[in-house]
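Some structures are shown below for you to check.
Each of the next two complexes has chain A plus one other chain: chain B in the first, chain C in the second.
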Partner chain A sequence: MARSYLFIPGDVPRMLQNMDVFDADALIVDFEDAIADTAKDEARDLTRAFLTKHGKNVPPLYIRINAVDTSAFATDVASLPTDVAGVVLPKTDLNALARFRATHEEMKKAPPKIIALIETPRALFDVLAIADDPLVVGLMLGGEDLTSAIGAERTAARTEIATARGLIVLAAAAAEIDAIDTPYPVVDDITGLMRDIDQSRAFGFDAKACIHPNHVDAINRAFVPSATAIDEAERIVAMHEKTKSMRFSLDGKMVDKPIITRAKALLKRAKQGADDA
Partner chain B sequence: MKTTTDIAAIFDDFNVKDGASISFHHHLRNGDAVQNHVLDEARRRKLKNLRLYPSAVFPVHRVLKTLLEEGAVASLTTNYLNGPVAEYFAKEASGDILRMQSHGGRARAVIEGDNPIDIAFVAAPAVDAQKNASGLEGPAACGSLGYAMEDVKHAKHVVLVTDTLVDHLENPQIDGTDVDAVLVLDSIGDPKGITSGTLSLTRDPIGMKIARSAMRLLDALGVIKEGFSFQSGAGGVSLRVVDMLNEKMTRDRIHASFFSGGITGHHVKMLEAGLVETLYDVQCFDLEAIASLRRNASHIAISADRYANPNNPDRVIADLDCVILGATEIDLDFNVNVTTDSHNTIIGGSGGHSDTAEDAKLSLIVTPLIKGRIPVIKERVTTITTPGKTVDVLITERGIAINPARQGIIETAQKAGLHVDTIEGLMAIAHTLTGVPASTARKTHPIGFVESRRGERLDTLHAKE
Partner chain C sequence: MKTIVVGSLESSDCLITLTPASETTIDIESVVYDAFGDQIRAVIEAVLSRHHLDDVHIRCQDKGALDYAIEARLETAIRRYKEANHGS
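Showing the complex of A and B:
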């Protein structure tokens, strides 16, 4: 379970070379927005060459390919490195998922796992169906594109994306996949980042994406559970293991399967945090 | 004693002639006009066999290069060297005339007669009627005059060179009773080259990672505790560590006893927040540090002797808990080079590097594992500036290597869950990314040597390949 997803531009050798030192739990090599049309081939070639030689020791790595309605999409699919964890699919909606599958079928390629980038108004009305797609392993909010699509101004309180955040967290929870919050776009504003992370946590996101390595540390720290939460989760899991029961009472509160599952996930995340500390 | 505007009169009065030993300090750094003015006069007089003792040489010091080219310099002894003079030694020098000392080593050598100085030309930003001097006033204000103080006490003759005469200085750093003459110029230096504005903390993610690792190690080793002492350079990573220290000390209400060395506005901020009791300042790096030296009684200008002379039992760094230093190269024995690049071009020098590494209880080297596609770790450094036996830890973005002689540090770091590797292991990681660099064995003639702070010959300097 990743806490932080760091975007790395696919055409910058220094960033590729150092991708494993930034302490991100997962990486997203970008072939889309951060890459000029004229540099997309360079990004594909550099990334493939780097992964071939140095890909064994990097964290789980996704490629943000270009959207299904772009000319670069088919090339991205055809040349996708085989050893990646999956792709981040821009402007995911039900149509995009269908075209993604169809393209892979035409190329006789097994489709990779998808982190669905939810960044259009239409996608939000389909978000549960998207989350339920067996290829989709996570939902990621694309806050900047969504804000632009609805004609809103970005605010400090992020009220313009509040509904989207809620829907994405609910859909991900219903489908039992990860909800990943949108990056905080201002690189040097660590105070703003911390406020944004607090909002992510309050909405119930499992993780947060970031566009700069200097945001990773704050995200990793924030997505580690509190000592009180760890203590409660440990007691829930201990009681479950002792009684072998999926339903029991602890401290006067009823505990059942989802609570046990959540407690196990929380302990896993806490262990990651302890290993990093 | 006299005050004059005529450099020729000074040379005549103090009999500056062939073979003269002349010293300068470097507090005006790349804005210094004094060394050029004095050496221009030496050139006009066609003096030969000069023995020069500038505490550092910067790109602005072009006349020195000309004198070297003309064969007028018998020896050059300094602590730091870059710019055209460094290029001269890389490409044109034919003699073995360069001696590189440390700041503490220079102070020791001046006091003990190893650097015998006939005449010290001391750039003095302000001088009063009693020939006292201060670095705090005047257009060329530079703050501390720490590197000039031993020269003033031990040179046969002392000439203050100033552009600002005042009636009275309140707290002079140089006592007029040691001064023989004052030379007044229109300007002793360009303020733009003397100090910078606020020095930047690194925002580079690799530098940030290194700084975080340094903080985690300091935490694990229990260094950051009430009353601790600390020194760092003015590089971006070092200053980022200072900033992180500031955050931690504020949060945990920890107070340091002193910070020492070159002082910046970042250190001043912590002094004025009550986080550190005293700043011992041998050199101000920015305008904030100069302003603080004027207004804060616990910001104290100290001499190079008080700072780092290994034979001074009261030296400040003898009580230093931790120092953070950089490296151009480091080798498998933890020897550090900050004097030359791997082609033998001189790019700096010890300054206080070897002094503080030896004296501090904990010496950390912080550096990216790869710089400009070249691994920082080599089997053998091109030049030894700081002996590996005085270096405790190397911190890079890909792991920490601890000197095997420091088993206690290794065990504590491992128990704390830090990613500890061997220095050989880190070198191997670098080589997987860069390949193994070709050997750069020395094939050229010697041009001088690096001297330890106690005056022993540490390594030979060679002309560029």
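Showing the complex of A and C:
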């Protein structure tokens, strides 16, 4: 369960070579927005060569390929390195998932796991079906594209993406996959970043993406549970293991299966944070 | 006949320039030439051996690129060179 997903451009050797020192739990090598149309082949060649020579000990790595309706998509699929955790699929909706599968079938390639980038109005009406797709392991909000698509202004309160945040968290929870919040787009605004992270946590996201290494540490620290939450989760899990019951009372509150499941997930995230410290 | 340029002059990268010529030649400029010039040349020659090019001048302006980066930049450049000048 990753807390932070750091985007790095696929055509910059300095960033690829340093990917393991940024402390992100997972990395997303970008072939899409960060790469000019004339440099897509450079990103593919450079990333493939890097992973071949130096890819053994890097964090879980996803590649943001180009959207299914672009001319770069088929080449991205054909040349995708085999040793990646999966892809981030831009502008995912049900049609995009169908085309993703069809392209892999035509190429006789096994489709990789997908983090579905939810960044269009249509996708939000299909988000539960997208989350239920067996290939999809996570939903990521693409806040900037969505804001543009609905013609809204970006606000400090992020009101314009509140509905999307809620729908994505709900769909991901229903499908038992990870909900990953959109990056905070202003690199040097740490106050704004912290406020944005608080909103991510309040909505119930499991993780947050970022576009600059300076944001990784704050995200990792924020997505580690508090001592109070860890203590309560430990007592819930201990009671469950002692009684073998899926329904019991603790501190006057009813505990049942979803609360036990959430407590176990929280302890797993806490352990990951402790291991990183 | 077109000249092809791939890469950058940023740290840890290299700029590869392929220019049509009567025979294949290699020109290397590197901030670490004394220590790694021979290694850079070996990487370039290894990539060239996988392709059939005998009419190109290769200029590599290296800013401390690792072998994989030189190899990748050159592969991209050669593919573009062939597409631009040989139609394949």
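Methods note: the second predicted complex is superposed on the first by the 277 of 277 C-alpha atoms of A that agree within 3 Å, B and C clash if a C-alpha of one lies under 4 Å from a C-alpha of the other, contacts with A are read in each partner's own complex, and residues count from 1 in each chain.
As a convention for this text, a residue touches a chain if its C-beta (ideal position, glycine included) is under 8 Å from a C-beta of that chain, and two chains touch if they have at least 3 such contacts.
Here the structure is a predicted model, which is why all the values come from computation and not from measurement.
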item: Touching partner for A:Arg122 - first (chain B), second (chain C), both, neither; value: neither
item: Partner chain(s) touched by A:Gln17 [first = chain B, second = chain C, both, neither]; value: both
item: Touched partner set for A:His54, first chain B, second chain C, both or neither; value: both
item: Chain B versus chain C as contact partner of A:Lys113, first or second or both or neither; value: neither
item: Chain B versus chain C as contact partner of A:Arg262, first or second or both or neither; value: neither
item: Touching partner for A:Arg221 - first (chain B), second (chain C), both, neither; value: neither
item: Touching partner for A:Pro213 - first (chain B), second (chain C), both, neither; value: first
item: Which of chain B and chain C A:Glu42 touches, first, second, both or neither; value: second
item: Those residues of chain A which chain B touches in one complex and chain C touches in the other; value: 17, 54
item: Chain B contact footprint on chain A (complex, rising order); value: 17-18, 21-23, 54, 188, 212-214, 217, 274-275, 277
item: Contacting residues of chain C [partner chain A, same complex]; value: 6-7, 10-13, 65-69, 71-73, 75-76, 79-80
item: In the complex with chain A, residue positions of chain B that touch it; value: 203, 205-206, 208-209, 212, 397-398, 417, 432-433
item: Touching residues (chain side chain A, partner chain C) in the complex; value: 12-14, 17, 41-42, 45-46, 48-50, 52-54
